[in-house]
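Labels run A, B, C, D, E, F, G and H following the written order; every chain starts at residue 1.
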Amino acid sequence: MAERRMFDEILHAFNRGEIDESEAGARILELFYKGQEHFMLDLEREKRLGFPEVVYAEGKTMADLLDIVARLLEAKGKVYIASLSSEAETRLEETFHSYGIRSGGRAMVIGSMSKHTEELGVVGVITAGTSDISFARECVLLLEELGARVVTSFDAGVAGIHRPVMSMQKMRDVNVLIVFAGMEGALPTVLASLTDIPVVAVPTPIGYGFGGQGEAALKTMLQSCSPGITVVNIGNSVGAAAAAIRILRAIRKG
Amino acid sequence: MAERRMFDEILHAFNRGEIDESEAGARILELFYKGQEHFMLDLEREKRLGFPEVVYAEGKTMADLLDIVARLLEAKGKVYIASLSSEAETRLEETFHSYGIRSGGRAMVIGSMSKHTEELGVVGVITAGTSDISFARECVLLLEELGARVVTSFDAGVAGIHRPVMSMQKMRDVNVLIVFAGMEGALPTVLASLTDIPVVAVPTPIGYGFGGQGEAALKTMLQSCSPGITVVNIGNSVGAAAAAIRILRAIRKG
Amino acid sequence: MAERRMFDEILHAFNRGEIDESEAGARILELFYKGQEHFMLDLEREKRLGFPEVVYAEGKTMADLLDIVARLLEAKGKVYIASLSSEAETRLEETFHSYGIRSGGRAMVIGSMSKHTEELGVVGVITAGTSDISFARECVLLLEELGARVVTSFDAGVAGIHRPVMSMQKMRDVNVLIVFAGMEGALPTVLASLTDIPVVAVPTPIGYGFGGQGEAALKTMLQSCSPGITVVNIGNSVGAAAAAIRILRAIRKG
Amino acid sequence: MAERRMFDEILHAFNRGEIDESEAGARILELFYKGQEHFMLDLEREKRLGFPEVVYAEGKTMADLLDIVARLLEAKGKVYIASLSSEAETRLEETFHSYGIRSGGRAMVIGSMSKHTEELGVVGVITAGTSDISFARECVLLLEELGARVVTSFDAGVAGIHRPVMSMQKMRDVNVLIVFAGMEGALPTVLASLTDIPVVAVPTPIGYGFGGQGEAALKTMLQSCSPGITVVNIGNSVGAAAAAIRILRAIRKG
Amino acid sequence: MAERRMFDEILHAFNRGEIDESEAGARILELFYKGQEHFMLDLEREKRLGFPEVVYAEGKTMADLLDIVARLLEAKGKVYIASLSSEAETRLEETFHSYGIRSGGRAMVIGSMSKHTEELGVVGVITAGTSDISFARECVLLLEELGARVVTSFDAGVAGIHRPVMSMQKMRDVNVLIVFAGMEGALPTVLASLTDIPVVAVPTPIGYGFGGQGEAALKTMLQSCSPGITVVNIGNSVGAAAAAIRILRAIRKG
Amino acid sequence: MAERRMFDEILHAFNRGEIDESEAGARILELFYKGQEHFMLDLEREKRLGFPEVVYAEGKTMADLLDIVARLLEAKGKVYIASLSSEAETRLEETFHSYGIRSGGRAMVIGSMSKHTEELGVVGVITAGTSDISFARECVLLLEELGARVVTSFDAGVAGIHRPVMSMQKMRDVNVLIVFAGMEGALPTVLASLTDIPVVAVPTPIGYGFGGQGEAALKTMLQSCSPGITVVNIGNSVGAAAAAIRILRAIRKG
Amino acid sequence: MAERRMFDEILHAFNRGEIDESEAGARILELFYKGQEHFMLDLEREKRLGFPEVVYAEGKTMADLLDIVARLLEAKGKVYIASLSSEAETRLEETFHSYGIRSGGRAMVIGSMSKHTEELGVVGVITAGTSDISFARECVLLLEELGARVVTSFDAGVAGIHRPVMSMQKMRDVNVLIVFAGMEGALPTVLASLTDIPVVAVPTPIGYGFGGQGEAALKTMLQSCSPGITVVNIGNSVGAAAAAIRILRAIRKG
Amino acid sequence: MAERRMFDEILHAFNRGEIDESEAGARILELFYKGQEHFMLDLEREKRLGFPEVVYAEGKTMADLLDIVARLLEAKGKVYIASLSSEAETRLEETFHSYGIRSGGRAMVIGSMSKHTEELGVVGVITAGTSDISFARECVLLLEELGARVVTSFDAGVAGIHRPVMSMQKMRDVNVLIVFAGMEGALPTVLASLTDIPVVAVPTPIGYGFGGQGEAALKTMLQSCSPGITVVNIGNSVGAAAAAIRILRAIRKG
């Protein structure tokens, strides 16, 4: 094996003081990755992180998007896409419908549904209002695709204080809670005061005027007086799903 | 009366087309206020608006502050002061203690307590946390001085969802609610969903990091999903008291 | 009654120390709301808060909007909708014109006009400019629908200082004032210095460049040197109407 | 039991239609909490949420702080305090040293160390720079006090790319990672690309000029291209510890 | 004259195409300023612009400040200084009192008062509140020093709408108006609607909470619905005085 | 004359102490404006302020815009309109072309050109880039309509330092300078260092990315190190023209 | 030569004290540029700065754009254009295809390709993600047009930490590095820690929600903990190319 | 050598498919750095990047600062420190004066001056105002310490347009320019239009009110209409020096 010989040489050169430590490190890295350019595609990410690469459709031309999806389908058999416009959604459905497609909100999974021999865990997905539901659906799509079971409760906002309390009745056996809220974003704070399970808060870009577009909700969640809420960016359903998967995997590992 | 003659002359000139409409208006105003320079002091404001002028101590030198307070005491017998530093508070107490002094938070009233033959109405003052209490006390001081009765409930934040519900039990007969909250500022939203009385929300400069200093609380209150909350600026206890007095007076007028 | 037996059991368990206080509270809540899932619709909000649920059309698909409106019409006989695009407005009018429709600005009420045996009170609605009028009309629509009488004065901005003074002549018998202003937003400050009635200020998203879209107006209103102005979010006509209704109800209760 | 009789009466009144649903709910809540005013202190929070109430010293007078600490010590035997100034720290140490004190960063625990029969789980705490360490120490203090084992790696920032990789060697058996970074805040992104365990990112108020005080770090963490990072507010060590405890408890529950 | 010969050479080289146009320009500039390094001190600015260089004390060490003042006094006989701390003010007074000193707000002029054979013009200086007065005084100091007559009206804010109207009575013969306002900053808008003379608006860093430190006032002034207001930066008394001097000089030139 | 009798009565009532001072003031204002509702249209503004009312087309429906223009044309014979979309421009041209129309940038004047017996003064209008020119043209249109002569120099930005210097050669006899600049907005600073005439700076919404849309230019102009620049809002050509007219009128009055 | 005589006269007048120094300077400038109005076009910029003028298409009408391009083509034979819409791109291609056109991203060069006798130097262009590539292509187009050789590595973001390390293998002989990154913008920090060559960081407007549109990336780059990164504005490919050209020219000069 | 054997084993396991690619990479890194914990100190950074680690004193306790400095002095013989308070400066001087100390602004180098056999290159350092000089001095200190020659021109701001032109006369043979400016920050734009050498712009936190603390200057520099300016963060003298060193080294490499 040529790599082994070259590694020996690098270490020798380092031991003889011909190259310094950082040079040696750089050369070993070079050696290791040499000739493995395809690795740039990061196809192993799902194995490494438990979460697949998600293609963000926004800001890509239709041609680029179709090309990337086709290449990934060939390489991995399944593609996850987010932030789809309705045109892009229609186009992808026309082009790839034979592969099998599941949709939710502005997200889509192309390829056959994975078989999961056992449930990865249970995630509760709660929204404050009806406008938050499309964001929640993206999250549900990804979670179910990756083997989690999902329990939902939509429109449970604090404008009627009984609603968050009632929504928690359905969440008795969930392992982690994902809470979507726009406007003033108070729901995660109230829910986190009622339970000790992990709470991932997702501000949604719902709301008008000052503090609109999810900014007030984000600040509310970061300033929450309930301990232990964590937050992802505005509208980041994908990130919330990934965070929940990390927790479910941690639970399974024990 | 000279003013009357001059007024006649102005109207004549206007009727003859010698001066135009806005010139006539300006001259009448001039006429009316002429020789009444002291009116600049706006001493009648309390009669006009139901709320006295409040001296903001911040940004004034100690000498200026003492001078203004002395002049107002002489003119009106009573002075309201806000945003006092502890040094200023001590100095005012030393200088004017013989006039009678009531304090609350960073506010102070110097002069003898007014006698109110009947109660102006009842104001509920609620805080989310203990750090909000000093702001609430400024409000209570002003409200009581102006003849309102105050019912308080401190530390009723949503981190324990039973606390706002319980605090409302004490508020059965209040006419208007003033709610102080810092951090994520969710309390007014929850309270306003439990009652139909007017709710004035006061963000307090409590909170750290991003959205701190009351900014998150202000945005939350402006974005509230509960209908009919109105808001004053961060830490504006004086404005909240004035708003409540306006409502109480409206109730008494019927 | 099964609920009663279960309640007894909960209290017994608590008294015997088998469950702690918060567990007991949670179970009673669960008991009470059990089997009452429809309550999630919050149909009683108008009775509870004196103000109906208002559907925000923005961010909803046409299909979702039509569906929600149809369901609410069936359940309650009347629906309030805000932030309508002109397409949505046209579509709703075509679909539901047989129910009776009133419009104002971007708001709409579908269903027959309520009969109010007596006037709830009088609200003054003033705008600074002509661009603010559509926001004011939303407010007027809601106020009249809920039984208030409205007195209006449009285009009363401070660029001609006689205009706010004159507009106040018409407001002699109003119980509460709602003031709409964009640009520099100075009108509520000037009006509040002329009257002691409650003043609700509504910044409108009128204005260009720096501080545009209502931001300067909002800040001006929060920083006002006139005591007792309260503020709602930019363009929040619905919130202003709800705040006024709260005050009118407080006046009627006495 | 008087409460039981009253509960029966409420349900009867509801069944007979004398009171509506929300009135019934409010009365039951009132009934339940009646005479239990001390519950306002929320002393059961640790049992309910797995995380104790933490007293924020900032913005409290020394007298108030000493008073609150003394009352909580009497009620619960242990007190957690955060955001201490060095004066407050000294004063608390002088006053309460006999109770046993542990410190870390600007946080302090007063009262005897709890005995934990078994380890709650393992938390990895990593900092990007040396200036972040005091924030990390607050976190470690709370985690260890609540029964978690902590593995630390300080000064592992991306300015030397080998440092984050090396720091992960020590984190092989941790259940959850808490990562502190100021300046450009890139460390959590790099670490999250190397592992599938939950990552809680804490921006610290380190950094100068534009985007300083932790703002750039917060934005970086929210925008991260690594999937599944969750974020707490700038400098919020307490919130990060609480989030980690929620995850550890979820793991133990299975 | 050497410069003339060198100039000829430059033009020759240009005509022969040896150097290009911009090279020629640069050389002529070099030639002209050569040996005139002291010109870097910009001592002629007052003659050129009608307004002297003003030393900003803030951010300079005491030693640097004393040194600069001494050098300028020697070169020009008079020095203008702004943004003085009270320590710096005291120190300058002790050091340079023999030169003659005039103060106003945080500004100071050292050196003997200039003799102006005729008045440069009349400037009206109006403030909204008492806290704005110290900023106005800096302006007055500079204006009078440069030969303008100043008419003042302090505390003329819109909270009493008669006050701005009355203040304008005193301004009948002024050439330009400088208006200082903090808080909501509405005064320049109202005054500009009453007069056609030039209005320079100066936001002051007065105000608390959201939009405080003069930000709301600045935005209000930039968004003003009165036509023709121009604005300088927050607290920029020096800039306002300079703008007024420019206008007065334009008037004198005709 | 009825008004006179009523005025006498008001003053009598005041003298007898039946009404207080502010009540008397309010009644006189009421008296004066009574029956003059049309005055609300503020038709005299041009006479009062030397600058006509300008209709902002943006945010108005086409129907409202046509209606307002028609009414103003009838009342005053001439209408000024700004912020026109190209559709609105076309529509107005079709509808009102018989009145005579002049256009510039997004502004338009409808009605016959006024005859000015003598020139009001000379205004220099300079732009930094070519993208600023449409803003400058709005300004030129208004200035010429109101009787000023305009000298222009377009594309004189500092990226070639000789360009601002050269542009000033053309400005020898102007009375006031209006300078438009987007991007980094440095041009007014450089020009103001070359001349002592009044300089009104107009930031334009030219520029991309951070500080784009004119924000960087606005800040640069407010922070300018050249003394005496005044600023109007981003893209506010109308305000700049109004400010220049105020100065020209001040020059003519002497 | 008339200019020479006039120059003599200016110097004489200065020497005799008839004019002051700044007047003399202004006159010489005037003299020099007199009759050279075309110089305003700044056609010599490329010679002076090593970088041509680039026409920004955004905000220009199609007619203006075509006109400017045609005039510059006539004057210089080649035109550089940036920020093209796809319509503008199509239109320019149709109109000027006979001149020869090269495109990249939203930039275009019209005119025949320059011949460079020797390579100006080597620039490495790296992007974090695929969405950044179109920005990179604009940069590549300009660099190659001006004689630089470009080495690219696209999609080398830190989400897979091996990717930036591998991308640097290709950059062994580059003279300067341009790094494009959106989202959290961490890539330049990591690359700068691996190399000592100059690094120009370009934030791209990629990213959603809070800190989106390149703002987080910009702040990250300015706060970078790796020493010596410099930054251009969001999406400023042209500026980055210009900065690289400045460095390459400095290298060639030695 | 044990490392070699272990490396063989890793590659074998990878070849046999027992571990995947990323696992193999992680283990090799682990192997390489194993037992080299001290490397965490990143002592080789200067060799790798051409720029030493600089200790930021701000936010560190005096004890921590003294400890770090002492350790680094022992390890490397020389320490670079920035953002020193005057107390810290005094204390370091007292403690380490025997090692040799050079200071500039708020920066300091402790240890004997390095001997540079040949000059690394020439850097021009220019400031707009006198308040920027202390920032420039930090930069000069670092540059000279690392072997560069520095040419300075202080107080060359655009308020006198001849000053930047004159300052460039001194910069004829510099390789790279560092320009410091606060306030409106226009100087780098003007200088970059006069030269083709690399320009690194440093905004300084000089300036008051809106856009103060260097924000306006930063935005101006990022929006500059002169091509090829690059920017570092506000007050980041260290970063500017590092960027210049990167360029000088690139020049020497050729």
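The definition used in the following text is that a contact is a pair of C-beta atoms (placed from the backbone, for glycine too) under 8 Å apart; a residue touches a chain by one contact, two chains touch by 3 or more.
All figures in this text were calculated on a predicted structure; none of them were measured in a lab.
Novice: How many steps does it take, at the fewest, to get from subunit A to subunit G if each step moves to a chain that touches the one before?
Specialist: Between subunit A and subunit G, the shortest chain-hopping route counts 1.
Novice: When the contact pairs of A-G are compared by residue number, which of A-D, C-F or B-C has over half in common?
Specialist: The pair repeating the interface of A-G is C-F.
Novice: In whole angstrom, what separates the CA-based centres of subunit B and subunit H?
Specialist: 52
Novice: Report, in whole Å, the distance between the mean C-alpha point of subunit B and the mean C-alpha point of subunit F.
Specialist: 37
Novice: On a C-alpha centroid basis, what's the spacing between subunit A and subunit E, in Å?
Specialist: Whole-Å distance between the two chain centres: 56.
Novice: Find every residue in subunit F that makes contact with two or more other chains and list them.
Specialist: 25, 33, 39, 48, 159-160, 162, 165, 193-194, 209-211, 215, 218, 222-224, 226-227, 233, 236
Novice: For subunit A, which residues count as touching subunit B in their complex?
Specialist: It is residues 128-129, 157-161, 164-165, 183-186, 189-190, 193-194, 207, 209-212, 215-227 of subunit A that touch subunit B.
Novice: Per the contact definition, I'd like the list of subunit A residues that touch subunit G in the complex.
Specialist: 26, 29-30, 33, 39-40, 42, 45, 56, 58-60, 64, 68, 83, 203, 205, 214-215, 218, 233-236
Novice: So in the complex, which bits of subunit G are touching subunit A?
Specialist: It is residues 130-131, 155-156, 159-160, 162-163, 165-166, 169, 194, 206, 208-211 of subunit G that touch subunit A.
Novice: Touching subunit C in the complex: which residues of subunit B?
Specialist: It comes out as residues 22, 25, 48-51, 54, 162, 175-176, 192-193, 195-200, 218, 222-224, 226-233, 236, 238-239, 242-243, 245-247, 249-251, 253-254.
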